[in-house]
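Structures follow.
In the two complexes that follow, chain A is the common piece, with chain B as its partner first and chain C second.
Let's look at the complex of A and B:
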């Protein structure tokens, strides 16, 4: 089983005030064993929705309108809530952004971790649970005393480490990190990224990193998929996307990073706004803001083209490349 | 003479209502000056006191002790300033949705400050000024934007308007507190470039508060690094970036995520805490991988190591 996650033609729709908003629009994606893929996008790009759809955790006003998700051999889209509950957190898990909201404020960390184990393995012995909890805490460099602490007694960095430990406690085969280090300070973020990188190598984890920060992806992923307005516009190996971006959006995104404005040059942004996702977009989602756009870009949806080692959804790619 | 000069500035917050004797030292003895037309970056992690420093210097918070001189005048000890001084000192906050009145249209929010400061003879003239600035910010057609309310604008658009709101008054001193940190990267550039254009053309002295090293580097001429209420290093941006000397600055830079560079990380333990009560020695000593016994005893003060580059570290001082 080489392909751990296969997403085919996935469309996720939210209904809000009678409007249908297409947050994810016919997305195809494959994640192979041992890959850590970074899903990069700005707010409203649908990156978190994609992750929540994979976990079967869409909010009540969101649903999968079309498409398939196969994760570790399970057809996620066909499973009901009970079946999902049995495999979620055991086979695959997720590290959420706001650890403060994801942990229960009235239970000790130890109780919360223990429960995550017992739910999936009711017969497990007390000592076995204990040793497993200690093992995952060691993995994330936390002292064992945090088991006796409440979340509010821990710092932001420690809580985020608890979240990672909690996600790893049942030895999942697939882990999603959803903006796992976004709210943290520079030094703590760097430390946790290093830890994640080590864990990924040591446990040969397969997974997904959802982030708006290309710098984070540069640190821990080997592949990158760039999302814009619900669609993946470019996907490939990290080096290709970072150092030789081809899609006009990826290019613009990377060149709006202040690091690139060295030597007195001005930082370049992307003029314009995200398109209205409640309306059907016939052509390319980026056409309105794209400097290369022509008539065809507004009329037809571009498919993926394989070009210099990655996949790009752009009609004008030949011209853009030059 | 510096436009803004701050001497031994301190701002302590009481730990709780019931224990009045104990304080968190948010700003703990800062000496600083900002020159006309320069952009000074204030760099630091959350809890280092950079925002408090901004609030005190823009006269929105009263200092606990110390002196603030603005254009030669002593502003310390009071928040009651005359209207003209208020006009000359402006601030831009992090979240534009929190810094606009949600019940006022953009038009009202922009016209009111002009009216208060008696800029333009009548509303018609003031509207002309607003329109001119709106066009500079690329908010076209301007009357369409003026009609709207804050929630009807995107974060980037509203933040550009808050830049205008401050800069329309042609302030001499501007504090920009994490003014793009909640925006997406692709819209950041527009806000930053607008800010830079307006600040440069008006030669406004600017304090640019940020936690993002690469952004601070892009924006500022000089940079100050703060840790637990103190400035640990200050100097020209290129000196700080090319030759960081304080261990904390070096650690901060080694952990900053980068697209291209891989800097060897300097191991560090613990997280930024806060200083409550009296503490001897260097505040960073406990986490510093290079600290010696003396660091826990003697508090270092800023020492000039090269032209305009000051560092507060005993170990650096020793090597001079």
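Let's look at the complex of A and C:
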């Protein structure tokens, strides 16, 4: 199996008001050819930061403090902005979270989509660009007239489709869907989800799905990594994580989802809040909210344990399992 | 284009109503001001009752205000702007030859301020250090707080009195009678100081609005998207950020154009510019009701036209705004 993405010991830090906030804390992750891995976690868990770091799109106050990202053979962490600009969207791309404002409101959609092609293939012909744009629009079930429309003339669902089309326009080898359905209403969400699922299967896309909705991951992905407070706490094949979660946080997360929760759809919330990421956390990040936590959980950081087909970072895994 | 014609008709109707209201308000305010043209015309020393009576009768000032009001508007509808008591001439004749100088002055001033303000904002946006921006902003605030007539005088002191490179006043050199292109150059030479004053006074608004707008636009989501797909920084700024950022500035341009036409009065007076400013100033002091109303009427019309043009321009630039 080819490794498309390898993340090693990645730490991403934001500086804000003189504080250093560790949004991603020593994360290791591998994505193989054909894998669609879902990164699940609540807001502030660092999943979006992880995606932006992979794309080389961290905001100006964020930087990679440690670690390596190797994507399709490129050492992302060693490339400068210009070098990144040349390969991004040619080799890999991303569907952004808020599609409604994701394109300039005073330029036609076609004009902006065209940029994604001509920047990377300057000698390409006008008709070729046109046909390629039409091809991706067909893929996402949008009429060709969208090219001549302005963003405000489309609905939220249509704009999201445009963004998916834009991500697919150069036939990328790796795609990140960052909360691709979050901003939509439930009905449209379902439609877009189905379309993404079809595309992923048809084009056998490799990539990442960033979401807080574990249901989305259940639809599209074959693997899941659960993130909490900047760390991955459990990672493995979808079925294992969804139907046999081991980490206390994964368990809590799944039992807070209406369809996945056991016990006749009774949902349970997780008491407490995310820890303060500007402070160093010695032990397990979930310890404060964990019903199984003991002294060791607060004092040492748990390493990954390979157990029944997945990796879990928990000291108390034996007891939790029982 | 049916939509557009309908839009234009609707706008013009609205403008006509607005002008009527403005003129009515002006009419009563002017008449409410203490003093009247006849007393001023006859001078301060006990004028005879007969002269006053005759003059009042001659100009229809003896009638009740409401009657005067109706008479004024019925004349206006016929295209008659009224009659100046002081100059003893139809108002239109007095104003006619002063429209062009005023328009040349204010439009030049505003357009220069508009372009310079935008360029300054763009230039500052490309500065690496914050220091440069601080300096530009400080100068900007000082300019914003500067009275136009004072700036005009200072510019005259520097460029006319000390350096002697520009004329102090007027629109053309009276001693030379140029024609054709030479005349145009002469006009330009005379235009530099007054238009420059107006431009400097208005510059801060355009700079501030554009600068804020650029900062805002640069934070928008589409900047991330377009950066992500590989559009270069330069192209992103020139083609995308700027077009988005300039929209509020165009709106502001339309709004301030109205103010600058009336605001140019003081500058016109300082530079003895043969525009409507001086005429208006005198008309106020001499309570030349009909002349004053005529000037106000013209300004209201000019401002309305400026606003309609701005609206159309915005609709062309911004697809989200549709003229219907």
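Everything below uses one rule, namely that the second predicted complex is superposed on the first by the 313 of 322 C-alpha atoms of A that agree within 3 Å, B and C clash if a C-alpha of one lies under 4 Å from a C-alpha of the other, contacts with A are read in each partner's own complex, and residues count from 1 in each chain.
Following the convention adopted for this analysis, a contact is a pair of C-beta atoms (placed from the backbone, for glycine too) under 8 Å apart; a residue touches a chain by one contact, two chains touch by 3 or more.
These figures come from a predicted structure and were not determined experimentally.
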Open item on the list: Output check: A:188 vs chain B and chain C. Expected answer is one of first, second, both, neither. What do you get?
Closed with: first
Task: Which superposed partner A:90 touches (first chain B, second chain C, both, neither) - done: second
Task: Contacts of A:43 with chain B and chain C, given as first, second, both or neither - done: first
Open item on the list: Applying the document's definition of touch, where does A:150 land relative to chain B and chain C: first, second, both, or neither?
Closed with: second
TODO: Using the touch criterion from the header, give the chain among chain B and chain C with more contacted residues in chain A.
DONE: B
Task: Contacts of A:252 with chain B and chain C, given as first, second, both or neither - done: first
TODO: Check whether A:268 is in contact with chain B, with chain C, with both or with neither, and answer first, second, both or neither.
DONE: first
Open item on the list: With both complexes overlaid on chain A, does A:57 touch chain B (first), chain C (second), both or neither?
Closed with: second
TODO: Would you check which partner chain A:197 touches, where first means chain B only, second means chain C only, and both and neither mean what they say?
DONE: neither
Open item on the list: In the overlaid three-chain picture, which partner chain does A:212 touch, first (chain B) or second (chain C), both, or neither?
Closed with: first
- [ ] Report, in rising order, the residues of chain A that make contact with chain B in one complex and with chain C in the other.
- [x] none
Open item on the list: Under the definition above, what is the set of chain A residues touching chain C in their complex?
Closed with: 55, 57, 85-86, 88-90, 93-94, 96, 98, 101-107, 112, 115-116, 119-120, 150, 152, 163, 166
Open item on the list: Quick check: in the complex, which residue numbers of chain B touch chain A?
Closed with: 45-46, 138, 154, 156, 184-190, 192-193, 211-215, 217-218, 251-252, 254-260, 265, 268, 271-272
Task: Contacting residues of chain C [partner chain A, same complex] - done: 220-222, 224-232, 239-240, 243-244, 247, 317-320
TODO: Over in the complex, which chain A residues touch chain B? Could you list them?
DONE: 42-43, 155-157, 185-191, 193-194, 212-216, 218-219, 242, 252-254, 256-261, 266-271, 273
